[in-house]
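Each structure below is given as C-alpha cells.
In the two complexes below, chain A is the common chain; its partner is chain B in one and chain C in the other.
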Partner chain A sequence: MKIGRRAGPLAAAPAMLLLATGFLVPVLIVFAFSLLPPRTFGWTGELTLSNYSTAFTDGYWRNLAWSCMLAALTTVLCLLLAWPAAKALHRLAGHRATAVTLAIALPIFISESVRLFGMALFLMPGGGILAGTLDAVFGISVGTILNTRIAALLGLVYIHFPFVLFPTLLGFSLLPNDQVEAARDLGASGWQVFREIELPLAAPGALTGALFCFVLSLGAYAEMSILGGQAVTVITRAIEQRFNYAQDWPLGAGLTMLVIALTAIVVFPFLRRVDIDRLIHR
Partner chain B sequence: MARSDRSGDIILSTRNVTKRYGQVEAVRELTLEIRDGEFFTIVGPSGSGKSTLIRMLGGLEAPTTGSVWLRDEDITHVPANRRPTCMVFQSLALFRHRSVGENIEFAQKMRGVPPGERRRHALEMMRIVRLPDSYYNRRIHQCSGGEQQRVALARALASDPTILFFDEPLSAIDYRLRKILEVEMKDLHRRTGKTFVYITHSLEEAMVMSDRISIMRDGNIVQTGTPRDIYSRPGSRFVAQFMGEVNVFEIREGRIASPEADVSAIGRHGYLVLRPEHLRRLDGQDAADVRFEAIVESEYMLGSRLQYHLRAGDASLVAEIPIPAATGVTPGITARWGFDLADATLTED
Partner chain C sequence: MLAAGGSAIGISLFGCGAPEDRRRPLSLLTWDAYADPHLLALWRDATGGDIRYEIHVSDPTSVNRLRAGETGVWDFINLNNPWARKQLWPQGLIRDLPRDRFEPLYREMFDKFAPPYHWAMSEDGHHLLGVVQRFETFDFVVNTDVFSPRIARDEGWDLFNNPDLANRYGILAYEDWNVMDICMGAGIHPFSAKTEEDFAAFERTARLWVGNAKMITTDFAQLNLAIINGEIDAYFTGGTYSITSARLEGIDNLYAVSPSRGPANGKGSINWIELNSAVANPEPHPETLDFLEWITEPEPAYVIANGNGNLQPVSQMAQPEVLARFSQEQLVALQWDEFEERIANAVEYDVVPGYERLYDIYAAAVRIRG
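Moving on to the complex of A and B:
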C-alpha cells in the first residue's frame, strides 16, 4: 500500500514542477520587478510602491475599467448565448448533438490569430468580404465596425464562446430530466422550471464557464489589437506598451500584479462556493 | 382529506389512444376507463407500453392519435402543469438541492401560497405519510430509501391532485421495505380517497394494492378486472402465465392429449388453464374430474407451500401444496394427481 499512497503525489509531481517553474517563478519575478523604481532593469538596492500608486494616479484605472467592462460584457453575452445552446444540445443528445458540438469545437483547433485575422478580413471596409460582397452583389455600400470597441467585443465573444458553452453543457448534464418533468407536473411554468430547477442545478457549470471567460477576456490582447485597433486601450495593451515602447518594466510589472490580484479576487470566492467535485461527477 | 362520495363514476378515460415513436407503436388504439376513488393498476411486461400510457395520462407525453378525458373534459392537449394530476416517478425525482420541506411545498410555492401556510400544509402532509416533523429541514440525501419514498408521496399529495399516478415507484426498493410500503400505499389510498393509478411489472404489487387491474401487452390492454377475477379467470394464456405459475393444456375435440382426458364438459377447443394450487395429489379413492399418474421430478420450498414439478407423459406440470398436506411427496416417486374442471378456465388463445 506504500506505492498506493505515493502514487498520487508522484503522478502529480511533473505537473507541479511545470506549474512551479512556468507560473510561480515568473510571477515572483514580475512581483519583484513591480517593487523596483520606475525605468530600472535590475537591482538598485531600493524598493518602492510607487509603481502601484502610479497605476491609480496616471489614469491606468481607465484601462483596467475598460478591460473589466469588456470582460464582463463578453461573459454576459457568452452566457446568454451558451445557456440556450447548451440546453438544446443537451436535449438533442446522440449523433446530431455530436455533430453540432464538433462544429462548435473545431474552431478551437485553429490558431486564435488566424481566426481573428479572418474576422478582420471579413469586416474590412471596401474590399472586405462583407462590405465587398454587399457592394458587388446588391450594390449596397456599408461602413465597417472594424477598429471599434464593438468589433473587439465581437471578437472576444467569438473566441471565448466555447469556453462558456462546454462547461455549461456539463452543468446541464447534471440536470436530470425527470426533475424538470416533476417540476412541470407539480405545476411549474417554463419560467418557474428555469428559476427553481435548471438555474440552481446547471448553474455551477455555467458559472465555471463564465469564470474562464471573464479571466481569459480580462487578459485578452489579440482581439483588442486586431479587431479593436486604436479604439480602446485595455490594460493588457497598456502593460505591453510599458514593457516595449516605454521601457518601464517596473510599472508594467506593477500593472500586471494588479491584474493578477483582480483575477484572484474574482476566482477564489467562486472556487469556495462551487462544488467542483460534483461538477466532475465524483 | 375524506373519501370521495363520487366513487364509481368514470374519472379518467382514454379513447383509441395511440402513441408512435417513429416506426414504433408504443401504445395502440387503447381505450381505458378508470373509476373515481379506485386503486387502479396497469401491469405488463417491459416494453408493453405501460409507462408511455401513464405519461400520456399525466400529460407528460401527447398521444399521436386518440384522446384523454377527465370526466367530461377533453384534456388530450392540456400540459402536465395544468392538469389536476400528479406523478410519483420511478426515480422519485426529488429535488436534491432542496430540503424535505421545500420539496413538499414545491407545488404550493408555484401557486404563490405564502410561506407560513405552505409550511403548515407540508407538515400536515408529512404526518399523513408518517414522516416526523423534524425531517422538514433535512436534505434529501440524509433520508433513507423508504423516507425518500414518503417525501415523494407527501410532495405529490401536497399538490392536492384529483388523481395520483405512480410509475413503478417501488421497483428499486428491497423486498422487506417494499412489502411495508405496499401496505402503507393501500392504507394511504383508503385514507385520502383519491384515485390512484399505479404502474408496475410486479404481479404481487398489483394484487396486494389494487381494486382493479389492467394487463397490458404490446401497447394494448388484454384484460381488466379485479385481482381475484384476473387470477382465477384469465382471459388468455398470456394473462394466465403473466399472473403466475399455471398449467396450460390444449383442448382438441373435447380432449387433452397429455395427460389423456376427456374435458368436453368445459369446451371442445381452446386451452384449459389450471392454477398449480388446484392440482391435487389424490389418495385412495379421492374423486377428481381429471385423474392421472405423474412422476415428481423436483420440489421447491415457497415458504408456506411446496412446489412440485411433475411429468405426466409428454406434459410438464406444476403443483403447489400447503406444507402440512405435502407429506409423502418426494422427488422420484410416481403418484396419482387430479383436478376438477370447475377450478379450470377455458381460454380461446
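Moving on to the complex of A and C:
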C-alpha cells in the first residue's frame, strides 16, 4: 500500500529531476546573472537591480512591445486561419484529411531557417520565384514586401500556423457530428451552431494552440531577420545583442527574465482556466 | 565529427585500445575556414588524427570563453590580430611558440609579415604568439552597374552619408565591424581614444546609417541577392570574404571596395589578419604545434584559402608554388590585381577604444529602427 501511494511521485521523479536540472537550474543561473553589475562575468560583484532599471529606462520597452504586438497579431491571424481549416479537416475526416494534414505537418520537420529562406526566395523581387514567374508568364511586374514588417508577420504566421491548427483540430475532435446535425434539424442557424456548440467544445483546443503560438512568437527572431530585414527589432534580438557583441550577460539575463516573467503572466492564468485533461479525452 | 566524438567517448568509457586510439581529437575554436571538411580530411590522411571544431560567434565571445575556463577544452584558436597580443597572452590563455621552429615560416610570407611581426609578438617582443595566415580588407561592397569602383573607392565611407543612398543599401550585421565602419563614416579613427565630440559624431552617424538601411542581416548571401535583384546598390560591412563565392559564379558586378582615404591616419580601409595560436590547455594536445606548422604547407594553405567556399588570401600566397594553385578565375574573384593597393590603403585591425559605449550607441540605433 505504501508503495502504491508513492507510485505517482516515484514515477514522476525522473521527469521532475530532468525538469529541475534542465529547466529550473538554468533559469536560476540566468536570474543570478541578472543581478550582477553590467558587463561582469564573475560571481564576486555586488548584487544589483540596475539591469532591470536599465531594461525599463534604455528603450527596451519598445522592443518588448513589438514582440508582444507581433506575437498577438500572429496568434489572432493563426486562429482566424486555423478555425475554418480545422473545421474543414474535421468534416473531411478520412484519406483526404490525412493528405491535407500531412501537407501541413511535414514542413515542421524541415528547419525553420530553411523554410524562411525558401519564403525569402519566393518573395524576392526581380528574379524571385513569385516576381520572376509573374513577369515571365504574364508579363506582370510586381514589387515585394520582403524586408518589411509585413514580411516578418507573414513569416511568423507561416511558421506558427501548424502549432495552432493541430490543437484546434484536437478540439474539434471533441465535437460530435450528430450534435451539430441535431441542432441544424431543430432549425439552428450557422451562427447559433458556432456559438452554442462549436465554440464551447472546440475552444479549449484552439486556445491551447493560441497559447503555443503566442509564446513561440514572443521568442521568435529568425522571421524578423530573414524576411523582415530587421525592419523591426524584437526583444530577442536585443537580448542576443547583449549576450553576443555587447558581452553584457547581466543585462541580457535581466531582459531574459523579463520575457520569462511576461510569458508566465500569460501562461499560468490560462492553464488555470483550460481543462487540458478534458481536451485529451482523459 | 560525430564519429570522432563517438570514438572519444567510447574510449573514455571502456579505457581500452591502442595509445593512438585514446588520443582525443584536436580541438579548434575557429573561424570557418579551418572547419572546412577538406582540411579535416587532409589532416586525417596526413596524421590519422581527428579534429573537432566550433566556429566563433565573434572574436570577443571566444576570448571570453577562454577566460571563463575553456582553455581545458580547446587546443587551437584562430582570431583576428589584436586579441593574442593584447588579451590572450597577458592573461595566460595561449602558449608561446618555439621561435626557432615557427619564425622561418614568416620568411615564406609577404614582406608585411617579416619577423618579428608586430601582431604575432608579445608586447615585450620576446614571445611568438601564433602564425598568421588569412588576411584581407573588409569594408563595403557595391554594385558596379551603379557605382564605378574608382568612384566608390574615392568617395569612401561618405557614400553612406549621401542621402541619395538612403534605403538603397544594406548592413551585414557583423556588429563589431559595423561599429568600426561607422567610426570611419563619422570621421573618427576607430582605433584611437575617443572624445565626447567623437561619441556625439558616432551617434549621429549610427542613427543615420542604421535608420537609412533598407535591410540588416547576418547573412551576406541575402545581401548579395538583394544587390543582384536590384533591391540595394551597396552594403557594409563587406569585402571579398562576402562576395568571392558569388563572383566565382560569374556575378562580377559585386565588387569589394576599400576606401582610398579616411580618418585612420589618412586610411579608410581596415585590414584584418587572422592569427592562429596554441591555447594554454593544461593538458596540451601533442599535435597542436604540428597542426600550426602543417597549415602553412602549400596544400593545406590552399584549402584554407578556399575554406567553406569563401575564397580569401593567405600569407603563403607570397610563395609562387602556392599562388600557382589558384586559377585565373579565382584570382579575378579575389580582385587580386588590386590586392596590394587594398592592403596599402588599410589600417590594421585593432581593439577599439571605447567600444562598449560605441556599441551601446549602435545597439540603441538598431533598437529604435523599428
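In this text, the second predicted complex is superposed on the first by the 263 of 282 C-alpha atoms of A that agree within 3 Å, B and C clash if a C-alpha of one lies under 4 Å from a C-alpha of the other, contacts with A are read in each partner's own complex, and residues count from 1 in each chain.
Simple rule for what comes next: a contact is a pair of C-beta atoms (placed from the backbone, for glycine too) under 8 Å apart; a residue touches a chain by one contact, two chains touch by 3 or more.
What you see is a predicted model, and the numbers here were worked out from it, not measured in a lab.
When both complexes are superposed on chain A, chain B and chain C sit side by side without a clash. When both complexes are overlaid on chain A, the residue A:F33 reaches neither chain B nor chain C. In the superposed model, C is the one of chain B and chain C that contacts more residues of chain A. By the touch criterion defined above, A:Q230 lies against chain C but remains apart from chain B after alignment on the C-alpha atoms of chain A.
With both structures placed on the common chain, the touch criterion links A:Y158 to neither chain B nor chain C.
With both structures placed on the common chain, the touch criterion links A:W83 to neither chain B nor chain C.
Draw one line from the C-alpha centre of chain A to that of chain B and another to that of chain C; the angle between them is 150°, to the nearest 10. By the touch criterion defined above, A:F214 reaches neither chain B nor chain C. Residue contacts after overlaying the shared chain place A:L201 against chain B, while chain C stays out of touching range. Of the two partner chains, neither chain B nor chain C is touched by A:F172. The gap separating chain B from chain C in the superposed three-chain model is 45 Å, by closest C-alpha atoms.
On chain C, the positions that touch chain A within their shared complex are 57-58, 60-61, 64, 67-68, 170, 173, 175-176, 214-219, 222, 225-226, 228-231, 356, 359-360, 363-364, 366-370. Of all the residues in chain A, the ones that touch chain C in their complex are 39, 41, 58-60, 62-63, 66, 120, 124-128, 144, 146-147, 149, 225-226, 229-233, 237-238, 241-242, 244-248.
Across the interface of their complex, chain B is touched by residues 176, 178-179, 181-189, 192, 196-197, 200-201 of chain A. Those residues of chain B that touch chain A in the complex are listed here as 58-60, 79-82, 85-87, 89, 91, 93-95, 97, 106-107, 109-111, 155, 159.
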